Amino acid sequence: MASETRDIIINGLWKQNPGVVQILGMCPTLAVSTSLVNGLSLGLATAVVMALSNTAAALVSRLVPPAVRIPIYILIIATLVTMVDLLMHAYLLQLYLVLGIYIPLIVVNCIVLARVEAYASKHGAFYSFLDGLMMGLGLSLVLAVLGGMREIFGKGLLLSGIDLALGPAANAYVIHVLPGYQGLLLSILPPGAFIGLGLLIAARNRIEQVRALPRRSASLQPQQAT
Amino acid sequence: MSGKVYPIPGGLHPPEHKTESNAKAIIVAPLSAHYVVPLRQHIGQPARALVKAGDSVLKGQMIGAPEGRISAAVHAPTSGRVVAVEARPVAHPSGLPDQCVVIEADGKDTAADMQPIAWRDLPPGELHQRLVNMGLAGQGGAVFPSHVKLATGGTPIETLILNGAECEPWITCDDRLMRERATEIMQGAEIMRHALGAKRILVGIEDNKPEAAQAMQSACEQLKLAAEVTAVPTRYPSGGAKQLTQLLTGLETPSGKISTDIGIQVFNVATAYALQRAVELGEPMLTRVVTITGHVAGPCNIEARLGTPIDELIRLAGGDLAETSGHVIGGPMMGFDLDDTASPLVKSVNCIIAKNQELFPPHPPAMPCIRCGQCALVCPAVLQPFELYWHAKSKNFAKARAYKLFDCIECGCCSHVCPSHIPLVDFYRFAKSEIAADDRAKLAAEGARQRHEFQLLRQEREKKEKAERLGKKASERLDTGAVAADDPEAERKKAILEAAIERARQAKEAVHAKNTESLTPDQQHQIDEIEARRQAAPQDSEQQA
Amino acid sequence: MISAIIVMAVIGLVLGSVLGWAELFYRVAGDPLADKINDILPQTQCGQCGFPGCRPYAEAMAKGEADINRCPPGGEPGIQRLADLLGVEAKPFGEGVAPKPKSVALIDENTCIGCTLCIQACPVDAIVGASKQLHVIVADLCTGCELCLAPCPVDCIHMEVVHETVNNWKWRYPLIPIHQQREAA
Amino acid sequence: MNEFSHNIKLTSLSLFGFSVVGAVLLAGTFQLTRPSIEKSERDAKIKLIAQVLPAGSYDSDLVKSAHPLPADPLLGLRKPGEYYPATLAGKTSAVVLEAIAPDGYDGEIKLLVGIQPDGQLTGVRVTEHHETPGLGDYIDIAKSQWIRQFDGKSLDNPKPDDWKVKKDGGKFDYMTGATISPRAVVKAVEHALDYFAQHKAELLAQEVNHGQ
Amino acid sequence: MIGSPFILKEHTSVRFTMIKVMAALVPGTLAYAWYFGPGIWISLVWCSLLGIGFEAVALVIRGRPLQPALTDGSVLLTAWLLALSIPTLAPWWLYMTGMFFAVVVAKHLYGGLGQNLFNPAMVGYAALIISFPVFMTQWAAPTTLANIVPNLSDAFDLVFVGGSITPDAYTSATVLDSLKTATRGGHTVLDAFAQPIHGLIAGKGMELVAIMYLFGGLFMISNRLITWHIPVAFLAAIALTAGVLQGLDPAHHAGPLFHMMAGGSMLGAFFIATDPVTACTTPRGKLIFAGLAGFLTVIIRTFGGYPDGVAFSILILNTAAPFIDAFSQPRVFGHAKGVK
């Protein structure tokens, strides 16, 4: 019981992280992660959709005939995403304008359907909910870190745009990491997203490599590097 | 005298190093004390040994018979006694030993009966049958059995090409042979032309061998042969069969095919010479001319008997000079390192080069490939060598094959010019042999799968048949009202089996204790017993299918 | 609002019936994946994977019921190929399972009693012989599965590692000294 | 055939069911959020327009009092746009015009220009542009304060000859290496002022909605 | 143990190749120093030092031996090309950022020499022009036009300390810049060409530097360092595209000769597009690669957001190079025509 829960959490956040391991849902990951606030907002919106769609799919999986499995899952996801879209439009307009098309695009984010199809259709409602949430949070984590990185290098700021989510008063939270910094514009522009994501993936692989090192050397002779 | 020369792609011109050895006449090697004759001196199946240790043989006697379609015979180079038939070091890139017939010469050099072949009386297409046991194999390097090449197999041969290009640096054996024995070569060519029914003969000789070309030209005139001697540009690898074919005829040999498919047959000049001797004198292939050069005291060409140990040949060339760092078999572009100079001379060896640091500097360390494309410029097969390297290095063999790895002739041009000093050809050889091994494994697996599936099918059928039979028996028994008892037949079989097992166990212990060659009476008794049992027991055919 | 709901409902109804029809109409028989997997397996039929032969193991993998690291004769390259085909990550062999050098079985002529048990055990019909006659293993056909070892009542069969000869010699991967390799082998 | 019809019934009904449920849910959410969406959209537009007006200089509903503005080359408008009169205590305090600078480095630059009845600028903002990031985009208030130098300017201040960037001999600042974008904006603002001067009467005569 | 061939061509090595390419850059660099002041030497030396430093650091981090990689000359060539592609007299950290992107990001993150997908110098250039467009448009003016010609010590001051001279005194826009400014501002090509920065064909001084690059390129072709395919196709495509545009609207588009001589055309044609690691390698592939790059160069110059398009077009085509290569494989010996 507990180990199942732990596995789901570890999978979502690290082992099977959608952003840097499965490399799914690249479109929003690259387009929206211009700042921590943007990245995190879209990530959380996705997480909400994933948690709910996973739960819904798990609940109805027995009612669904196999031939229309995918259409019905898409229908569930689309309904949830449109609801999130309408709610954000109503109550978080500024953020909604910044994230723009990427909110409705959550429908076609493969990670959402992938989890519904691969996990929720075969597991119970609670675990499916947890899986969706954790996968979504894993994506949010990547989006947040990537957004933060790009923001720091690009503008020398952190948490810029937080007023979009929390109102003008929150402007006080904006952190000036490097005062007088020129700003590496490349980082904010699309190439920066690719380079940043590449670095994140590389960093994660490196960590895994280092962690696996003592185990490997014990059982396997290291291959000659060529 | 020169015919038209067509352009070919790629190629290069490394330092020639021909003058070291091409000035002196061919030396005939004296009789050696012993000879080591490998049974595999050609492409295809190795020959099957016809002699065993202790046999005496005569010069020219066949000691290995061709096995299968593509194979060649081997013959005793002199008269003497067979000392052994065993694995000995041979000149092979692997450095692995191979089966050889070792002959101790008796010094008499008594020849076996040798009968010339009346080739003019034989219709074309029949001569090759008379040559099957002559041991002829191409002397250019590929050592393909010549009698197979002389059997046209239905494809009409328009053109016969004699390959005297000798494009590799250092090698001069063909040059000397052409200068000294042009008449015999051209006679051989005429025999070939007759056997193949070819219409014309083209002789391709690189233009750095004018004397040889002159000699060949005079021989043609003397013999009144309609042959065209053409000087081709000195540009490696003009001596490649496909390259020479294109140089002389402008025709490209299709990939995966041989020149025969476009009506052309190519033979090395030395092969024509050996054929002439086989046909006119009845002498099977016993000798060849080999260049001994490089870091030796007296570089020269030696006509030596096959099976002569290489160190003996080196001695004849004055011996290795100080600081010799090894020997190359073949030319510097396509040859290989010789592991053991005790290895014998074989049909494929046209050159032995003694290396030193100055002539053959050590290979510089390889740098990363920068895709400069120098290799592609010199590739005679118009390949993209760096792509092949990339895929071979990463063991992506399917891709390597898709980039036409098997059109590579391993001429070494790419490695020669590579600014990064990458041993490109080594990577291709590696990939090729991995792919070949993989293909073999696939074939074996497919065979195993089919046999297994057939076995399953058979078992299924047998089970069904048995069930039917039992059903029938049971109904019969019911009919007679007999009660089914333990099968006495099965009991009897079991008892016999157990007895046999016990006897075998004892036999095994005995075998393990003593040498199997000399059997003790006890063992003999056991074996007799088994044999007797085998004789006595009725054939139980039901167990086998 | 109502119109939107009606439109959605009609679309659902139409698409649902089309898909329901298509599902039956385009139904595919058999499992092409199992065939592809079976092509990769070395066909030794040795049963070391725990399945009675290569085909059953391939079918189990196709269904996702068996792991890809259970075929020692296929070696690490075999695992890699399976991983590539199935789109999963390659994993090393488990504890105690390791590929052995390629071997063939050899029957000791002095001990064989001609019981035919090995002939029946051989999954690829590589053993010839008749009852009470000496049996011979055709080395070219032998897959080295070792299934004939156990049934032999007199232990007359042993495995012989296939050594490198001029015939089956392969060029080594460059940059690794060839001589060193040879000594190690 | 029976198998077919059964399967078709099953799949179509289930997809039908899910469609209906989904559609109902969405319809509900839509109804629920509609007022909020409309309100926040309007708030946002007001906020945008209000940028060019000093705080407290108006008390009217800017969005509701929008009026059509005909296409006019002086404003750079190729399609009709809108303008927004603002009033303070019933008196017109300013007019906000939509204008376009057609000759930006990379296409049109859309502007809002706020003008007091006396022809003095209350403010200018760029609402949309495609200028090179880091080079021409300092005309955007989000990137720099450059656009604020228009505050308080009018056709006579500076003199018509000085309605140029400093590089061309005028009075307006620019950044080295990027003169096209500010040049375009300066010209567009000047033209907008011209337009206001020519159509002052009609622009100020419009009725204003006081429903704030 | 390495098999045949046992003899290698003499005087061939990666280092020798790189040195010859750098030798081919010498005339262009000398002309540059002559027309634009000695500042180029400062950026050359500074970029080289940075390049070696970054290369060494990257090698250490990657756990690779320093030796063959550090002295193969490739990083110096990258440094040289980058120094020639970006304005001289820019602040020191600008070069540093550029060299960081060139050596660390474009080269070593991809696996070092021979593995990089993108031309390192152009990645450095692109990163700079995207991030710091203001600095990247302040080119040193030709000495004949500048109010002040900074000497070597002034230049050192400007680069490393900041200096007290305002940029306007010694910089000017390039001809491509002034052309773009003019045509975007509604003026004609002739207005742009009336500017003092415009010489006979293209930029004053710069046109002669371009001719020197051309000579260097011809030296490389005659030395078989590069084949003719890429430079010819690149320049021909530039000429053709510019010619078509000029034919359509002569008032707002400069002609073929101008585009061939202006900006980075010549440097790109002979030294950058020809980088064998990142370019196409098959003969047909080279023509397609360079042709498309030349076409894109003029398109970006005319319609894009940045004055010059050489770097971007080559970088874009770098991504397509493996693909172009894959379908432009030459006919292998013995394979029928039209069969892949």
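Order as written gives the chain letters A, B, C, D and E; numbering starts at 1 within each chain.
By definition in this document, contacts are C-beta pairs under 8 Å (C-beta built on N, C-alpha and C of every residue); 3 or more make two chains touch, one makes a residue touch a chain.
Fair warning: this is a prediction, and the values are worked out from it, not measured in the lab.
Student: Which chain maximises the distance between its CA centroid and that of chain A?
Tutor: Computed centres place B farthest from chain A.
Student: If you tally the C-beta contacts, which comes out ahead, C-D or A-C?
Tutor: Spelling it out, more C-beta pairs touch across C-D than across the other pair.
Student: Going by the average position of its CA atoms, which chain sits the greatest distance from chain C?
Tutor: D
Student: Per the centroid of Cα atoms for each chain, what is the distance between chain D and chain E, given in Å?
Tutor: Taking the average C-alpha coordinate of chain D and of chain E, the gap between them is 42 Å.
Student: Please report how many Å separate the Cα centroid of chain A from that of chain D, as a whole number.
Tutor: For chain A versus chain D, the centre distance works out to 34 Å.
Student: Residues of chain B that contact two or more other chains, please.
Tutor: Within chain B, the residues that touch at least two other chains are 93, 423, 426, 429.
Student: At least two partner chains per residue is the criterion; list those residues in chain E.
Tutor: As it turns out, chain E has residues touching two or more other chains at 1-3, 130-133.
Student: Where in chain C do residues touch at least two different other chains?
Tutor: Answer for chain C, listing residues that touch two or more other chains: 12, 15-16, 19-20, 23, 171, 174-175, 178-179.
Student: Once bound in the complex, which stretches of chain B touch chain E?
Tutor: For this pair, the touching residues of chain B are 9, 12, 14-15, 93, 169, 242, 252-257, 328, 330-337, 355, 360-361, 363-365, 367-374, 376-377, 380-384, 386-387, 403-404, 407, 412, 415-421, 423, 425-426, 429.
Student: Where on chain A does chain E make contact in their complex?
Tutor: Answer in residue numbers: 182-187, 189, 191, 195, 198, 202.
Student: Taking the complex as given, what residues does chain A use to touch chain C?
Tutor: Answer in residue numbers: 65-68, 71, 75, 219-220, 224, 226.
Student: Which stretch or stretches of chain D touch chain C in the complex?
Tutor: Residue positions touching the partner: 3-4, 7-20, 22-24, 26-27, 30-31.
Student: Inside the complex, what are the residues of chain C that reach chain D?
Tutor: Listed in rising order, the residues of chain C that touch chain D are 1, 4-5, 7-9, 11-17, 19-21, 23-24.
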